[in-house]
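Below, chain A partners chain B and then partners chain C, in two separate complexes.
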Partner chain A sequence: MTAEIIVVTSGKGGVGKTTTSASLATGLAMAGKKVAVIDFDVGLRNLDLIMGCERRVVYDFINVVHGEATLKQSLIKDKRHDNLYVLAASQTRDKDALTQEGVEKVLDGLSEDGFDYVVCDSPAGIEKGAHLAMYFADHAVVVVNPEVSSVRDSDRILGLLASKTRRAERGEGAITQHLLLTRYNPARVAIGEMLSVKDVEEILGINVVGVIPESENVLTASNNGIPVIVDANSLAGQAYSDTVARILGEERPLRFIDVPKKGFLQRVFGG
Partner chain B sequence: MGILDFLKRKPEPTATVARERLRIIVAQERSTRGAPDYLPMMRNELLEVIKKYVHVDIEAININLERDSGHEILELSVTLPDGKSAGKAGSEAKTG
Partner chain C sequence: MSVKMDTTDACDLRFGQVGIACVRVRRVDAAALCDELERRVRAAPQLFSRAAVVLDLSHLLDLPDDGAVDALLEAVRSAGMLPVGLAYGTSETEALAKRMGLPLIAKFRAAYEPASGAAPAPVETAAPRHDAAPPEPIHATPTSGNAPTAQHHAGAVRSGQQIYARDRDLIVTGAIANGAEVIADGNIHVYGSLRGRAMAGAQGDENTRIFVSDFRAELVAIAGHYRVFEQIPDNLEGQSVQCWLEGEKLLIAKL
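Presenting the complex of A and B:
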């Protein structure tokens, strides 16, 4: 049984790749899958912070690639979910430390260990790290903000996903592309200040797999080192849960894309 | 003031501006995706040649690369200006 490999990518930085990787991996684990999430951002390790395991990193991705540690030693078990593991990026080595053969070895190792899903958190840009993160993927989650530079970069990444992956090179069919719109603000969309879901879908020619509303809870979650999906009361957490369900094949309507209607009391008393 | 505000034509929403700008740039970048690196330079040189005869803007030149099974088609389209100015530019080129 081979693990399904999902790359979380975007081109542009700061759009929510790591937030998404953390919540996606946690959501898949909550659905009972055995999941590993790998930080591909060599030199700029951050997934460990978002997952709340930064003080438990002993060995990293590059250590495994170089044979300095086994996969078992390097995988950090999540505190909340028994079937969720984190593989941290290396902080100190140069970017060339990551090779295609090395990545393949780690991914094969995870398949052998019975993992159902491997989530690859891509670095920003279209350089080597981003290329390696997407190369072996079966599915891609392209994270995009409703903002011009992010949308343009996403189109570039969609083009690369269609041609620069192992599946594309071997002619095994294109990888499944999912578009995830994050930092969405329905109030600003309603007054014409922000691109709408439909705008982004039309420009990129691909439908969204989820829309994550801009939410204070995302910062709170990262402050605490708990993926936002764990916070079932937050809208962002619920939107991520919906997204994970859709990736697993369930059909769920989009939520939180319209301005919330004020209740009777709110209308009378304001607020 | 309220009435004046009502009468004033509302400016175009910025999201609409963003959408139109993105439509154009994304379409343009897709048309040259995976194309050889010399394409932009070739486009500029072609523009220089065309400019000798007709006065056109760089935006009037569109290069499209299409891949069919086994072969590639390089399509070049030039949008000529209105008849009047084109004729003028043409006659200038002849006399020059």
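Presenting the complex of A and C:
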């Protein structure tokens, strides 16, 4: 049994890759899967903060790649879910410290340890770190914001996913591509300040696997080191739960893509 | 200097296609050339200021002497453009380029001498080709009618990707994204949105055309004559259009 490798990528920075990686990994773990999430952003490590395990990092991804520590020593067990592990990036190294052989060794090791899913949190850009994060992937979650520069970068990434990955090079069939629209604000879409779901799908030529509404809860959750999917009361958390279910093959309708209708009391008193 | 062992290659050597402006000299008059180019640079500084250009002398009856060519190059420079080479003409042009220390750039539809033996290889791209039909000799007049078969690309052409159909037509069934490029020596047909660039007649065939079912292009070019679209005209945006050359003019109309 080999682990399914999912890369979370975008090209552009700041669109929500790490937030998505954390919630996706946590969501898969909540569905009973054994999951590891790896931070490929060597030199700018963030995932450990969002997963709330920054003070428990002893050995990191680079240590394992270089054989200075074992996987077992480096995997940090999540405090909420027993079947979820974090492999942090090194903050003191740069992306040249990653090698293709080293990454392959780590991914193979995780497969042997019986992991069902490995989520690779890609750095921004299309350079070495991003390339290695996507190279071994079976699935890709391309995170895109509803604005033109993010859409263009995602388009570039979709092209790279179709050509610069092991599956593509070996002719083993295309990577499954999932488009995830984040920071979606239906009210701003309605007045034409943001691209709509339809616009983005049309430009990129693929359908979205989820739409995460812009929400204050995301920032609060990140600052507290809790993946937002854990917060079942937040709209963003619910949208991430839907997304994870869809990636696991379930069909769920898109939510939170229309401007919320005001209730009776809000209409009377304003709100 | 720290001595750092690095096992990766010092560089990659790749062929790619780049758009380059061509200054076709009609008469040997450096002052007039400078004036003319200055006017162009002033009109569209973003497009032409410090733009790399090649000097095309093939329209002159006689090749000017070295001094005159030097003066022309200097005129281009003082107008604010950067001459990077001479366009391919005859073996005399080649000798001239050698004396000037400039590269000779295979120009679109230059009057290649049939006797000059091996024609220069056109600029190669890394774009995948679907089959390996033997390329026609370059100096055969490329007409779209007797091109072997069209090259077909199914699916989207993503930003940053480039497709090149050598010596033939190109048919794309899918969208061409912003920042993507499709190039053909023959005609180009796009059954989908064209949001990127399309260049037909890359070897200089001025009879080639571009057909697009949903027009939103950044740039279209035929045989080196191009139009950029900062703003797509309302009557063309999203329409089925064709582009063709009439003399020097690139025309676009709804189908």
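Some notes on this structure:
Following the convention adopted for this analysis, the second predicted complex is superposed on the first by the 270 of 271 C-alpha atoms of A that agree within 3 Å, B and C clash if a C-alpha of one lies under 4 Å from a C-alpha of the other, contacts with A are read in each partner's own complex, and residues count from 1 in each chain.
Rule of thumb we're sticking to: contacts are C-beta pairs under 8 Å (C-beta built on N, C-alpha and C of every residue); 3 or more make two chains touch, one makes a residue touch a chain.
On a predicted model such as this, the values are computed, not experimentally measured, just so you know.
With the two structures aligned on chain A, chain B clashes with chain C. By the touch criterion defined above, A:V189 reaches chain B but does not reach chain C.
Of the two partner chains placed around the shared chain by superposition, neither chain B nor chain C is touched by A:A232. Contacts of A:D199 after superposition on the shared chain: chain B is touched, whereas chain C is not. Looking at the superposed arrangement, the partner reaching more residues of chain A, out of chain B and chain C, is B. Across the superposed pair, chain B and chain C both touch chain A at residues 152, 155-156, 159, 163, 203-204.
Residues of chain A touching chain B in their complex: 147-148, 151-152, 155-156, 159, 163, 189, 191-196, 199, 202-204. For chain C in complex with chain A, the residues that touch the partner chain are 156-161, 174-175, 177-180, 195.
Residue ranges on chain B touching chain A, taken from their complex, read 13-16, 18-19, 21-23, 25-26, 29-30, 33-34. Within the complex formed with chain C, the chain A residues making contact are 152-153, 155-156, 158-160, 162-163, 203-205.
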